[in-house]
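Alright, structures below, take your time with them.
Same chain, two partners: subunit A is paired with subunit B first, then with subunit C.
Up next, the complex of A and B:
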């Protein structure tokens, strides 16, 4: 079985994101870049499958500028077999439909049985590329996936629902968008890191990719800084609870 | 006394001697070849120190004579010293029996006395050892037939010696010029007429044959340590105790850590041969004491047994790797991950066995080769890689704790004398930020010229290294060393013993050598030189918890105590008997801070119980427990919280007690600090 995992490079969740002076982009200086967290879970899902069935091939692909290679190398170090970057002029400014089209073009050539995406990227949170890619390929799509298992009839897919899960079956190729699951993405082995450093990463060009919907950022602003909290100190716990209830109802309006 | 080996006797003696020594040599060669399966670690630097170790640890039995093992330690020492004397005597007997030659000095009165006195002391000590095994069995000691056989053999040796001496005297076999054996002489044994000479001959033969039987049996048993302790002490690690072994050119290696017995050094295998199975390491292991799978003695013996099991196969096939030591038994990884690297085992081992190195070598294999560290450990390592701290806090906020305190960064004050290396805990953990602020207050009051690196600092790498990720440690350390070089840093203060240890003892492996002090050492100096004055404070009893990485790993026991003693109103309490070199780890070392502790009792809870028990024993509970380590503080805080006694037993850092009383412009500076500091 051949997996294709689509990964996006995003500012690491530990990075403090700052808005640039023009108010339309973020400051990229000093940002640590990593693989978007749900994409890491997608990689883990594929690699777990490979642990069970060693003839599985896990390919990864990313659309983006040159630094995207670091994310691909990280995935290679975790144990993925090969990586492709879709780069060139305009690769990092494509809209989500354009990215889906670029991925679809590559996927058609690479010929995977299954495509995994994160359920959403942790920077823009659009949750768009996965379903759009399925649409572009004409494949079915299942979202919120936490587990997969091959079966006689194709692939069994666990889809998270509120408080439980549904099991779906796919008889042929399918695009899955992956939710966080119990198994944390693995930490790479050192031989894995060393091998990944030396691996060739072939590059495809985005030139000619159809990007029908151009997105323009009008303005970016940081979330309003949180107001100072209230601390109830010294005194009667019961009175505090009553006061808290009042404040939650009248001021915070959450009750 | 003429040996009873005339005529055929000498031939028999020769045959028996050849048999005994032959069996010894056959086994010894085999064991040596197994040992050389280990990689060729050089252990010959610092010859002077090695000779000194040999005198102090081997000849003077220094590591045996440790609290609380004094009496049995003395008994062992007598057996050991007796053994040396008797070995000379035995060589003399064999020489005279075989070729009629005497050892120089063997006939001197001094030697004759020494033989008898030690024979008697050894007999008494053997008696003690028997009684102990039979009636006061130490919990961790492996009592096996082996032990009784050896004790029996030694007792036979001594008894037969005294008997043949006595019978020889009675039979008039002593030449006129010879000193009579003084103690044998005192035995009032009566021999029927003419039998004395016969008894002499019989006892003499029993003695000599026992010696040779002993030689044959020795290398089959744990008493091999009698022979191997000598080289094991000589070749012990001369690295600072707190420093792990450096992996040079790590990017060029193909396997990492102990993937096979071949990846442990020959010295690690010698350790296995040398283990006396005394159980002292296990007695003192906090992981074992709180019900974890780990047992340091078992780690040493497992490796030895694996070597004995697989040695032949590995010798036969140079490409065979054998069982990876970290997977020797199903529970092995769990055992390895339970270690806090607290060094209680290393401290107590009488024959200088290096437990932590073995555990870390096997962790290195699990982490770097197999990528099989526990998930929480993997998360911590990812966080160190991405955010420069194991908690995954935003790197950009590293210096935020110092906002508004007038603490300069090196970028602002490149000529500062000291770098205060804050560390991750004091940078990001709210509780420990108060400790960093306390140190800043003290240094400012003393007028010490210092600066911090703020966002230019990154995790020192210690947690990663102890989790087995040497590569990540090297990356982190190199990054810090480059930053230090950029600012020409020469002197460093650390308030965290783990930062202190790795920068002082391990950064030199990467070429970063600095003058490093722990904050409490510096504060002790400041107090002594009267650079800070401490105002009055409330009368209170404060227990002192020895952080392993200050105490056992770096021998810093006195400075923190001296600081406590210099604080007005503070009465220092020792957490007896678990203090100083027997201090009990809080459970956070070895990267355990970031791993869950699900098996058995939590170590920090046990530690809090020990504090309470020590308080009971002295008839009054302490109001606070002070340490000098951010992780100890977090663990103790959690411990008293879980027991619901956080109001009556407050964990603090010694620095906070000092800061609250530091005088500035005639008034205690502490008065302006937030109340929460105390």
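Up next, the complex of A and C:
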């Protein structure tokens, strides 16, 4: 069985993001780049299956500039089998439909049985590419996936719902967008890193990819800085509680 | 007439690239993520309980941290010494107890077996150590032989085709938890360093027992034990290197170990810097964060500068070791400087935290206690100066 996991490289969650002087981009100098967290959960789902069925092939793909190779290398070091970068001029500025089309073209050639994506990227939180990829391929799509059990008869899919989960079944190829699950993504081990070092990462070009909808960021602004907290010092506990309840209701409007 | 001597430590071909390779960056990242997510949240607990949870050591092993620069075909991860040093800094940034377990195992046991063991010995002893299946300890120090290691009293006397070992070793890191021991013993009593020979011992050997387990100021999660050898019999195939070569093996091993301890000191000093920085930005005094007070800023600036300088000395020593070039004096300089600035950073960290720095609710006092050992083990600061002076004077 062959999995294709689509990943996106994003600023690491520990990076303090700053808006650039033009107000339309972020400052990329000094940013640590990582695999988007939900994509890491997608990789983990695929690798867990590979742990049980070692003949499973887990392929990784990403669309982006040369820096994207670091994310692919990290996925290889986690234990994925091979990686492809879809790069070249314009790979960085492709719109989300263009990314989905580029992935669909690559997927058609790679011929996976299952495609996994994170449910959304942690940078723009759009959640667009996964479903769009399914649409471009003409495959079904299941979202909020936390567990899978592939077999010859099809794939059982656990989909998170409000307060529980549903079990779906796909008889053929399917695109799954993955939610955070109980099993934390594994760290790349040192032996894994050394193995990944020896692997070539072939590059496909984005040239000729249909990118019908261009998106332009009009403005970015940082969230307002947090105001100082209020500390109740004088008076008794009862008075504090009453005052707190009033403030939570009338000022913070959370009650 | 004054002459210009070449006491600078740069020679043709000895400059190094400060950029890490892709592989080194990935190793650093795995170590950093593991340290931040798994170790840091329990570091205070490890210190308080005096032990490291078994699953943590198991995960360190499965990630490849117990044989970082042992080649893959010998059970290790096959990375380099620089990668090892990067990982050591990250692990020690979170927990110096875990750091020393890893350091003693990699530097003091895997390293000499890699350099001196026969292929058969490597198969039998090094591979399980490098995979992390078992823990290693290095037994040289004795109750009356610390810095003066050549004065050791433990003997290994020839008995038929094998050896019989008697004596007591002290302050042995991992002594109570190790499965394999690298032992140094006198095979020609009275001959000091000329008669010292190294042996690889199974900790389950008959006659070998763990004596007193020490109660320490810091690095409390790692065990430090006395080992008692009473007529322990080992075959000659457990001798590491030649008869009488033990002292040389030990000194070469400690040279490498010092790079690991320097990295530990850098990790502790960085913990002091990062914790101080966070605290100083949040703590208010005189109507503003104390980070806005120049007295605090100067301490932070010194810490940042010294952490960087210590790290660069450490990276240089590691790079020289990777290149198989002499690194003994450079390792001593790295350890001397890094341990010194770790103590200074810890002192200032407690100071910045003020009264809270003295309390166990905050990490400052742990850094303060953990930092001190880096000036002592694997050669005291005074011994480091002897090594450096000897190199200067030729």
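What we mean here is this: the second predicted complex is superposed on the first by the 250 of 255 C-alpha atoms of A that agree within 3 Å, B and C clash if a C-alpha of one lies under 4 Å from a C-alpha of the other, contacts with A are read in each partner's own complex, and residues count from 1 in each chain.
The definition used in the following text is that a residue touches a chain if its C-beta (ideal position, glycine included) is under 8 Å from a C-beta of that chain, and two chains touch if they have at least 3 such contacts.
Worth saying up front: this structure is predicted, and the values here are computed from it rather than measured.
Undergrad: Is A:70 in contact with subunit B, with subunit C, with both, or with neither (first, second, both, neither)?
TA: In the superposed model, A:70 contacts subunit C only, not subunit B.
Undergrad: Counting only touches as set out at the top, which of subunit B and subunit C does A:16 meet: first, second, both, neither?
TA: First partner only, subunit B.
Undergrad: If you count the residues of subunit A that each partner touches, which comes out higher, subunit B or subunit C?
TA: On the superposition, B touches more of the residues of subunit A.
Undergrad: Considering only touches as defined above, state whether A:54 meets subunit B (first), subunit C (second), both or neither.
TA: A:54 contacts neither subunit B nor subunit C.
Undergrad: I'd like to know which partner A:208 touches here: subunit B for first, subunit C for second, both or neither.
TA: neither
Undergrad: If you stack the two complexes on chain A, which partner ends up touching A:191: first (subunit B), second (subunit C), both, or neither?
TA: A:191 sits against subunit B and subunit C alike.
Undergrad: Once the two structures are fitted together, what part of subunit A is touched by subunit B and by subunit C alike?
TA: Correct list for subunit A: 187-194.
Undergrad: Quick check: in the complex, which residue numbers of subunit B touch subunit A?
TA: 250-251, 254-256, 367-371, 373, 375, 378-379, 381-383, 386-387, 392-397, 471
Undergrad: Using the touch definition up top, name the residues of subunit A that touch subunit B in the complex.
TA: It is residues 12-16, 30, 32, 34, 184, 186-194 of subunit A that touch subunit B.
Undergrad: Mind pulling up the subunit A residues that touch subunit C in the complex?
TA: 70, 73-74, 77, 187-194, 196-197
Undergrad: Across the complex, what residues on subunit C touch subunit A?
TA: 22-23, 25-27, 29-30, 33-34, 62-65, 68, 72, 77-79, 83, 87
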